[in-house]
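Think of it as A, B and C in the order they're written, each chain with its own count starting at 1.
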């Protein structure tokens, strides 16, 4: 009996963490347990254990080959966790960097992780813009709705590639304004 | 002298089967023969021979690992057929399931199948909606034009990934209202 | 100390060569050297050395298996060059052929090439149309803005797949009318 590995992604500000936490609370009421792991946190813990970094910010400054190795180890570690529990992996389909969109789950990570489902949380680009502007707790780079739309586009492309390589499904869930409950309900159905 | 393997896909209601059948009839007149195989049917026949299922609906209820194995065997079988004849594979780029878009040709199938060309049959989303509504022979889930557009988007992403993995080309043919003949003619040129 | 391999692509007429040449001139002033290689030219040179072709047009008429082998060898050769210098690879994300969109960097080329960054040069579809119409030095097939948009779409899909397979980033740079300097500046930052 294999547990599920569900990867949940979304652009910054789309509310994927909120939707995920609420869906997992709902499922708990029905006796279905999921463990949430943040991919970046798992990478950081591994790099720290290996004595490579002390702070999370140092991760991205490691040589690419080392980063790649740690990514792979993180994939393996999460796959190990999935032997004990259903897992939701909180990560990004692509990360927008100054050098371009970086895939969150490159091929060598997918080989280890074997996700069953990739969930893309989406919203209209103007909704995301407004959510970012009204979130005073975080300092985010300013992006236009066109930029946000481009990021969503590339996230879909990357997610579909992950699916072709692994056989996972890609579920798109809209987290529209005033309709958080609907998004949560849809995610609950996917995680069941 | 290798025969061609052409995969033809499209969302439900776009008319890919009609376009395919007409194109193959046209080619026959010119002395070019293609054998049409439905990927799902090949999978079903294999599963039946193995004593795993009796009805086609049981296929999707098999454990994922078994389904994967049967998919791979179907890919291999079609590649075998291609030693004798040109093959058109009737399948889906992605299948819309409750758990999300499932790739029709995951990596392990492509490894066996080696398609030369992937043909995406497309139409405007409202044309597809109207065709679905007026097709009384089938009971289909209701989808909005936005939903249909999302499916077409993901089909393109998946098809391009298939191409990168195999070196196949991706041909997009529009099957617009009142222009079936044009679509057929384009497909004939691709299959020549 | 590994040099960089940056792949720069764009649809015909978008001006990717202009942007690239100007960016490389700028970088030279700052003491950063890049060698530009055209993927097709490298393929041609290899095929010529092997005695397979005399003219570049003959490349595409070679049997697919031979073409595949030459592509792979070209990828290897460029990766070799990258041991000596930073490399910009001038190529296409997808090539529009009568049989559909052909991926410029299929999986077996990526395995050899290991690009660090894939840069997509884009513009509005009507800008590209007007540039093509006003370029009298080249005879190009006529394409509508819808066709051009489709090509840009498929280029993004292919590029993101390249990224997932290799870990490269995908940077989209807009080469808008009257804003060439902005595009050049953005590319300079990416190549630094």
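To be clear about the criterion, contacts are C-beta pairs under 8 Å (C-beta built on N, C-alpha and C of every residue); 3 or more make two chains touch, one makes a residue touch a chain.
All figures in this text were calculated on a predicted structure; none of them were measured in a lab.
For the copies subunit B and subunit C, give the interface type as same if over half of its residue numbers appear on both sides, and as different if under half do.
different
Rotation angle, subunit A onto subunit B: superpose the C-alpha atoms of these two copies and give the value as a multiple of 5 degrees.
Fitting subunit A to subunit B on C-alpha positions yields an angle of 120 degrees.
From the mean C-alpha coordinate of subunit B to that of subunit C, what's the distance rounded to whole Å?
30
Can you list the subunit C residues in contact with two or more other chains?
As it turns out, subunit C has residues touching two or more other chains at 157, 160-161, 165.
Where on subunit B does subunit C make contact in their complex?
Residues 116-119, 156-157, 160-161, 163-167, 169-172, 189-190.
Residue numbers of subunit B touching subunit A in their complex, please.
Spelled out, the residues of subunit B in touch with subunit A are 64, 68, 94, 97-103, 105-108, 150, 153-154, 157-158, 160-162, 165.
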